[in-house]
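One structure, pasted below without further comment.
By written order: A, B, C and D. Residues from 1 in each chain.
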Amino acid sequence: MGTKVVHTRGDITLVTGVIGADTHIVGNRILSMALEEAGFKVVALGALTPADEFIKAAIETAADGIMVSSLYGQGELDCRGFRELCIEAGLNDILLYVGGNLVVGKQDWADVEARYVDMGFDRAFANGTRVEEVIDTLDEDFAARAGGIA
Amino acid sequence: MGTKVVHTRGDITLVTGVIGADTHIVGNRILSMALEEAGFKVVALGALTPADEFIKAAIETAADGIMVSSLYGQGELDCRGFRELCIEAGLNDILLYVGGNLVVGKQDWADVEARYVDMGFDRAFANGTRVEEVIDTLDEDFAARAGGIA
Amino acid sequence: MGADGNDIPLSAAQIPADDFADMRRENLARWPTGTEVDLDEAIEFHQSLPKHKQLGWVMRKAAAEGRCLTQPRGGFGTLELQLELMRALDGDGMADIVPTTTDSYTRNEQWSQADVGIEESKKEGRSMLNGFPMVNYGPKQTRKLIEAINKPAIVLSGTAMPRLTCEIGFAAGFTGYLGSGIAYTTSYTKDTSIAEGIRNYQYLDRLAVLYQEKGIDLHRRQPGFLTGTNVPPCIAIAVGVLDALLAAGQGVRNYGLELGQTLHLIQDAAAIQVCGELAHEYLAAAGFEDMFLPVTSLHWMGAWPQDEAQCAALVSYGGTLAAIGGAVSVTTKSTHESYGIPTPNANAEGLRTTRMAIYMARHIRLNELPEFQAEADLIRRETRPIIDRVLEMGDGDAALGAVRALEAGALDIPWSPNRFVQSRVMPARDLDGYLRVYDPGEMVFDPDVAEIHTERLMRRAEAEGVPYDQNLAVTSVYEISEPLDRLFPFPWGPE
Amino acid sequence: MGADGNDIPLSAAQIPADDFADMRRENLARWPTGTEVDLDEAIEFHQSLPKHKQLGWVMRKAAAEGRCLTQPRGGFGTLELQLELMRALDGDGMADIVPTTTDSYTRNEQWSQADVGIEESKKEGRSMLNGFPMVNYGPKQTRKLIEAINKPAIVLSGTAMPRLTCEIGFAAGFTGYLGSGIAYTTSYTKDTSIAEGIRNYQYLDRLAVLYQEKGIDLHRRQPGFLTGTNVPPCIAIAVGVLDALLAAGQGVRNYGLELGQTLHLIQDAAAIQVCGELAHEYLAAAGFEDMFLPVTSLHWMGAWPQDEAQCAALVSYGGTLAAIGGAVSVTTKSTHESYGIPTPNANAEGLRTTRMAIYMARHIRLNELPEFQAEADLIRRETRPIIDRVLEMGDGDAALGAVRALEAGALDIPWSPNRFVQSRVMPARDLDGYLRVYDPGEMVFDPDVAEIHTERLMRRAEAEGVPYDQNLAVTSVYEISEPLDRLFPFPWGPE
């Protein structure tokens, strides 16, 4: 993997946090630490972050992407309308990732992924995702954007 | 349960054994011990008993029933034609039970049972059967026979 | 003055009866179902329950007979789903203690959002909430859960805001309640101060004592697992003892302590032993001689692997560890853990696997093993100074001490989301599979104790050929969740 | 004279090379595929195998590094099914040692019936045989199994008649072979005399030594599980040591000993320890100083419960017991055990659950626990007199001694189908979960040892309020297979 765009990482600001009433901070903190170590600018909002705080922070920091964690199962309720909120706030193109345990119970992943893509997330990541994979995918997506219309 | 025919058990002779190249003697021995203790006459042939030895012993002892154990999975091959062998030997009405792990692998029990009934066994018993249940069923079947045409 | 009790200065002292009456009145008015709570009627109902449905009695009996009881977690978003679940856990799962986990909106007192969740769940035909919204249903409806089962029931509600939920839960007929001020506030909240969390649980404990005064022996329990993420025994036990002091201060006498498993047979057994010991020691020293303080062991609370076969070993070993450790009960998980809330069936299977594991190990005790004794001794040497320091910082008051010690980091919780906690302590697993402390943050260990931790972890770094750095802690977070081919491969090729 | 060697008087001495050549010639002529066996070609193939596919090397390495390897059982009736199975066990199951179990016709040298079984299996599209008919396929075809995997492979063939199968197996490239004269004859046959069984395995061992002489370090292994039904450690170890003496007599030097688990953590660990000790002691005393004698622990060999969740605990605990006992490998079962031969998937899951259990317990040793030491001591005091008596009855010859002692009952096997065995010994489980001897039959234990067994079982009878009779043994056969609601119910109601 490792698309050769490493040099641009320092220009990219990512907002991270755990959405809703969700207290699962461990994975989000490890992810934030790893993104920072990989060279991205990271704005870490921590656990229990309402949707509008993500948007506010993204505007304030002119972020390029938002990394939403949801572990506790209620993400499907918390994340509804997240893309719309972004658009309302003028964040039209912002890259939206979501990851964790995105629904209640053990459900078919393809189905879960589709639900989140329908909600407007660019990508959804299943439980068990390792940070290396996230970083690789970010590089790819930002490389594509740099080469594309963005 | 406990059909009230206990007094006739002493007149009933049962041949027990483990069919084919099967060495699993434990359940068969416990069953034989329990049948004897319950009052039946038991002719125990032990493990590794070819089909024709069951028939021979049944003729010699004028047995009323044959209790075939098969645990090792190959019973489906060993038991084919068992009823026919009985009929050829003039044991037309003899009660045939079979029990143990009657096929290779974990298969649907109803299906397995049907296969053995097709082969001419009066009853087939799944793994896990306890001796009390076997004795109750024997009593029922012999009671039915006594009251019926036999 | 507000009747939430927040204007009374924080202390471990019992809330006076009349203050408490005011607090209750105000509290119950916060949501319509609060008005359904009728203490006298509730006490009558509790009195009518047979002994085997009273968790207080059942825990005492299990401890006396040396049994290890099983208890799962479990909550779904509607009464119908929850009834079905609890029947399955009681029946198919043979749970000795049947739980009701509340959903996260309830835990955060977002009852109108929970209402939406109930509606959505009904519409979708599946649970959209991660637990049962007890407050929304109210005590009368919720009591149907108690009536549907033949075992004692416990409320599991990981929150720093239990005030209304506990009123509903006890009034409905639950005889057990998990939760405590220090443990839950440090691991389930971001902006709630420790003082506020402690006050809220003082309310809960005080309420339990209202029942106790009428002869109802409710079982209160402390969630020692904290953030569930490699919490070393010394921290879990210290918090447990402090929470127990707070509960005892309100008058509670039947109080369980939980410990998340480290997954090291000897460390877990030693931790259970020392937890019971130190709890009795400190409670007695504070004048509470007559406390019943059983220890509950919890199936691995960190990240689980995705492979269900691998998970089966965690479930089963969880029973083994609890039984051998002499825990009075074990709280179980299932092979679905890494994915999401288990189906009733998977949950029941986890219970049965655990139960069989307990059956097989029920005779085994390791107390005379020198390695056990060394570890127990180490845990004592780690834990006593932490508790002593906290009490000292509180001038003898556990409530004040906890607030100040957490702020200063003298007591610290790994991976805590709470901003009133330092969360600088970093645990990691050593080469022999023991959980040790890589970075103590501001916590102070005796030099010889600190030396042991450092030495053990250096040995691991050396053996693995990795730097002695924070990554030892991060890899220890992942470790147990790693797929087996990474965790424990065939070691000799093919090259 | 026949070249089956049956006219040479029975003894533990090595079969002379020229006699053995005659025996082989006659043996290989018994079935067409026998002519495919070419020793030189086979040895070349073995030499070409990488070390990690040679079980002799892998077992030595595991012992040196203190590892516990996993190995399942598994055999299906056609080459295609067997290939798929072995790939699944190697891949999905991560087995460290991959097995081929032969079918029961092959074990009884009923090769024409096995031919029918192959045809039937092909016709039905599922295995109608309970294992792989290796002789019918012959060494060339069978070698495809070895080539399909990346681990060492072992033949599992519970029989007293291994002569042709072992020729095919070794020629095909299997580097391990399970089976022995005393163990298998007493537990897998009815009419085969012990002498005949011993001779047949002397053939197998002698053949392994032909390979050994060319530098091929094959792993021979003894199946200590016997009838798998509550075999107490002393009997398993005694038979193991005697079979090892017989193998050593033929020249074998890499010889594993198996022990079925009793499911008591301390008894199993003590048994593994004492088994290794006594094996070395007796082998050295007989002049075999340079033996490699690793111990393998076997998942519960008695009857399994039907509930898969309950079985998962047996599988997992099986890994725990093996790891803590310090076994060099563990032979696994699956959650399908009570029903029938497991699917490749269930088999692989059993392996992974076991592997995870081993990972978690790999650091734990109980050798310094006083209870362990007492039990190890007891096992020594039980076992030595049995072996001594057998050797004495054989005037120092293990082969003669075994035949005579089994006939007299001085060595006895519980629940044996063989008519040359007394099978009067009756084991039963005591109140602490240890396997004890209820009725020793004609076996003679030291009075103080016998007293311990009786006292322990009387305590159980008393506690359960049942008579002190043979039913203690029968209920112990069922025990572990009982459904949980009978085995270990919620103890306090509802009345």
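One rule holds in what follows: a contact is a pair of C-beta atoms (placed from the backbone, for glycine too) under 8 Å apart; a residue touches a chain by one contact, two chains touch by 3 or more.
Computed from a prediction, not measured in an experiment: that's the story for all the values here.
Trainee: Starting at chain A, how many touching-chain steps does it take at least to reach chain B?
Mentor: Steps on the shortest route: 3.
Trainee: Taking each chain's centre as the mean of its CA atoms, how far is chain A from chain D in angstrom?
Mentor: Centre-to-centre distance between chain A and chain D: 55 Å.
Trainee: Determine the centre-to-centre distance between chain C and chain D, using the mean Cα coordinates as centres, and give it in whole Å.
Mentor: Measuring from centre to centre gives 45 Å for this pair.
Trainee: Averaged over CA atoms, how far is the centre of chain B from the centre of chain D? Could you give it in whole Å?
Mentor: Chain centroid spacing, chain B to chain D, equals 31 Å.
Trainee: If you look at chain B, which of its residues touch at least two other chains?
Mentor: In chain B, no residue touches two or more other chains.
Trainee: Chain pairs in touch?
Mentor: All touching pairs, sorted by chain label, are A-C, B-D, C-D.
Trainee: Touching chain A in the complex: which residues of chain C?
Mentor: Contact set of chain C toward chain A: 103-105, 107-108, 110, 113, 116-117, 120, 126-130, 158, 187-191, 227, 229, 303, 306, 336, 338-343, 346, 415-417, 419, 474, 477-478, 481.
Trainee: What part of chain A is in contact with chain C in the complex they form?
Mentor: 18, 20-23, 25-27, 29-30, 33, 46-48, 72-74, 76-77, 101, 103-107, 127-128, 130
Trainee: Chain D touches which residues of chain C in the complex?
Mentor: For chain C paired with chain D, touching residues are 50-52, 58, 61, 65, 67, 94, 96, 150-151, 263-266, 305, 307-310, 312-317, 319-320, 324, 348-364, 366, 368-371, 432-433, 484-485, 487-495.
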